[in-house]
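The data blocks that follow each hold one structure.
Two complexes are shown next, each including chain A; its partner changes from chain B in the first to chain C in the second.
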Partner chain A sequence: MCDTCGCGEGRRRTIEVNQDILRANREIALDNRRHLDSTGTIAINLIGSPGSGKTTLLERTIERLGRRFRIGVLEGDIETEIDAERIRKKGAVAVQLTTGGACHLESSLIHRGLHELEGRLDGRRLDILFIENVGNLVCPSFFELGEHLRVVLVSVTEGADKPLKYPKAFRTSSVFVITKADLIPYTDFDIKKATEFALSINPSLETIVTSSRTGDGIDEWVDLLIKARKRTP
Partner chain B sequence: MCDTCGCGEGRRRTIEVNQDILRANREIALDNRRHLDSTGTIAINLIGSPGSGKTTLLERTIERLGRRFRIGVLEGDIETEIDAERIRKKGAVAVQLTTGGACHLESSLIHRGLHELEGRLDGRRLDILFIENVGNLVCPSFFELGEHLRVVLVSVTEGADKPLKYPKAFRTSSVFVITKADLIPYTDFDIKKATEFALSINPSLETIVTSSRTGDGIDEWVDLLIKARKRTP
Partner chain C sequence: MHELSIATGIVDEIVRIAEENRAKRVLAANLRIGRGAGIVIDSLRFALEVVKTAHPVLTSTEMRIDEVPLIYRCNDCGREFEADDLYLPRCPMCGSYNLRLVSGEEMDIKDIEIEV
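Coming up: the complex of A and B.
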């Protein structure tokens, strides 16, 4: 995490400030969580590199679950409304959160985004809220947003070593979604290795191999979401 | 950039600290640059998402230039020595810089890395220094390291919209390398669009389309490096 991880020396003042930020972030995250629980909404935070397939997985998910559940999406990006527009075309309510430079979402931005989403729902409650974080495998993992489920995505073209290189995202997630499995024949990606590396970081991580292009693994992903929803208050 | 971009409110103290950090970083970057100039070494800072193909492009580059030039590599990662080991196998001198959590390299770490590289060279000078930044398309773009050339990489599987979504990396780079072009037939990547988007952010950006797998574009990339080296003191 940028200047907040305690790397280097002579950074005591920065670390202090950043611990304040993380503490304040956690408090608002707890508020978000209480609010989501009160409306019976499960919140899912998707973390992955730029281009790891987060928005496309959401498109497939909304196609599958959009009639059964009321789905809202908070789309985190540094700039542009591109992703929220893609999601709206699939029929879900979407609010774009542009961070204006920042490399991750924070709970205060989610709080504001929730108000905006609710304003568009005319009193109806969301069943599922997806939060698509800024494309970044590092910084978002430091910030709780109030989510019930954190999911880390890696596409097969990124390589199997990513869990070892970016352990925090894997340590703090419950689900590991491998995306773009249709490209495996054209890469040297090794599912077994990637899964082993991920489990070496977090032994309770559940792994799903998907392709949003062919539909492989989407059943499994959707089932997991439905089960997770049943477990939340 | 994490907590340093001025996003949100009530962050005056953080912004102040971060401006101090950026100022201190720039001063050490200038020192690094002077040192590199004094040894006739051109330094190239590679920025891209996890899995965008930075290390593989370096492997191909060392295969092509390793006999003609003395090449050193500073490998930035949060954890692991995986990438430095890959580079050493190609015959270049490599030092792994692990940031221990931080999402970008800073100039002070480059300073230390340079000392370590030089310690391994027994008085010989480097012709080319590659700095492979931490896999991240956001934070590294805020930190000058003393490089002569900044290069941003995007693989075709990440999508053509990346310049619009991560503009700072494109605004501060001189070269845009599109990687994994061999996968274009299996994606909906549009080279023309990606190039147009990149030029809309930075009209002087030079774009090269490469595939480290087939070798396409590697000639052009290597020529660019040789020309850039001739231009440096």
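Coming up: the complex of A and C.
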């Protein structure tokens, strides 16, 4: 209001914004998605606590599907190449993304990872891309990465109440994988309860019970991936 | 602690909008955060105060957070009601589970007040 008198007070204005806080992340995620669609690659974002069995499930998956499909993995961790090394031993292409402290992956890091993967692929296209998020059941659920399918994992030693305690991970996922089912006799884990809790958050969630050690449920998991791949463009 | 990343995103957006509008400084920013958005408001407030110090245009910005209640509309009887949490809510009038979320998942920058 005061441009002329010299009191130094400028004009005040209100700018309407009405914009999603995570817009920047979402826009890069959409770019990632368009890129993945153009190469015919289905991307799967795995979310679960540290030690929930994400990497081991990927090892079993690559053993089953590695001959039929070209599989790539982006491994999210705070530090180390340990997980990427494990995946490479199974014959898949892997890039380790170290966040250097952040507890989740963001779409810009995936963008960089996709470039790095392509550098290692010499023009070949991936059929399936797994994104193993940083071990954490909270923060990764906020950040879209451009994935086609989001999967939340809980191991039986973590307890059946996890869907209730970490609702966002379950609300935003379409598949719930219970892992380490071979350990159920040593725990109080109740599959029925865990499934009910998960469905109370997200009624359309599909649940699969697996054991990477015995191989139980891995067929079902692999079938689901093949079906999901057929559904994507 | 996703609140720090979220605060960084908010501050970057506010700075971008302020620059676009040639603001001398930003007086206030009004944010809308839903009860069911999964954001700890106190953590977000703390993170915003830390992150904004990196930008001179934000030194005197008041960060206002409007908490949006979790409201459902019943698809069977049409009534609207407020819920405490996201877990399998039922319509208190007719008992139906067939509900639509009306509000409560917002994470928006509503507007910013600037001095030009």
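Here, the second predicted complex is superposed on the first by the 212 of 233 C-alpha atoms of A that agree within 3 Å, B and C clash if a C-alpha of one lies under 4 Å from a C-alpha of the other, contacts with A are read in each partner's own complex, and residues count from 1 in each chain.
Keep this in mind: contacts are C-beta pairs under 8 Å (C-beta built on N, C-alpha and C of every residue); 3 or more make two chains touch, one makes a residue touch a chain.
Fair warning: this is a prediction, and the values are worked out from it, not measured in the lab.
In the superposed model, A:Ile78 lies in contact with chain B only, and not with chain C. Once the two complexes are overlaid on the shared chain, A:Asp182 sits against chain B while remaining clear of chain C. Contact with chain C, but none with chain B, is seen for A:Ser200 once the two complexes are overlaid on the shared chain. In the superposition on chain A, A:Pro50 contacts chain B only, with no contact to chain C. By the touch criterion defined above, A:Gly159 reaches chain B but does not reach chain C. When both complexes are overlaid on chain A, the residue A:Asp223 reaches neither chain B nor chain C. When chain B and chain C are set side by side, the one touching more residues of chain A is B. By the document's definition of touching, both partners, chain B and chain C, reach A:Ala102. In the superposition on chain A, contact of A:Val134 is made with chain B only, not with chain C.
Contacts of A:Ile21 after superposition: both chain B and chain C are touched. Contacts of chain A with chain B, set against its contacts with chain C after fitting on chain A, overlap at residues 13-14, 17-18, 21, 102-104, 106, 138-139, 164, 167-168. Every residue of chain B that touches chain A in the complex is listed here, in rising order: 1-8, 13-14, 17-18, 21, 49-51, 77-80, 82, 99-104, 106, 108-109, 134-139, 154-155, 157-159, 161-162, 164-168, 180, 182-183, 186-187. Note for the complex: chain C touches chain A at residues 1-2, 5-6, 9-10, 12-13, 17, 21, 24, 27, 31, 38, 85-88, 107-116. The touching residues of chain A, counted against chain C in their complex, run 9-25, 102-104, 106, 138-139, 141-143, 164, 167-168, 171, 200-201.
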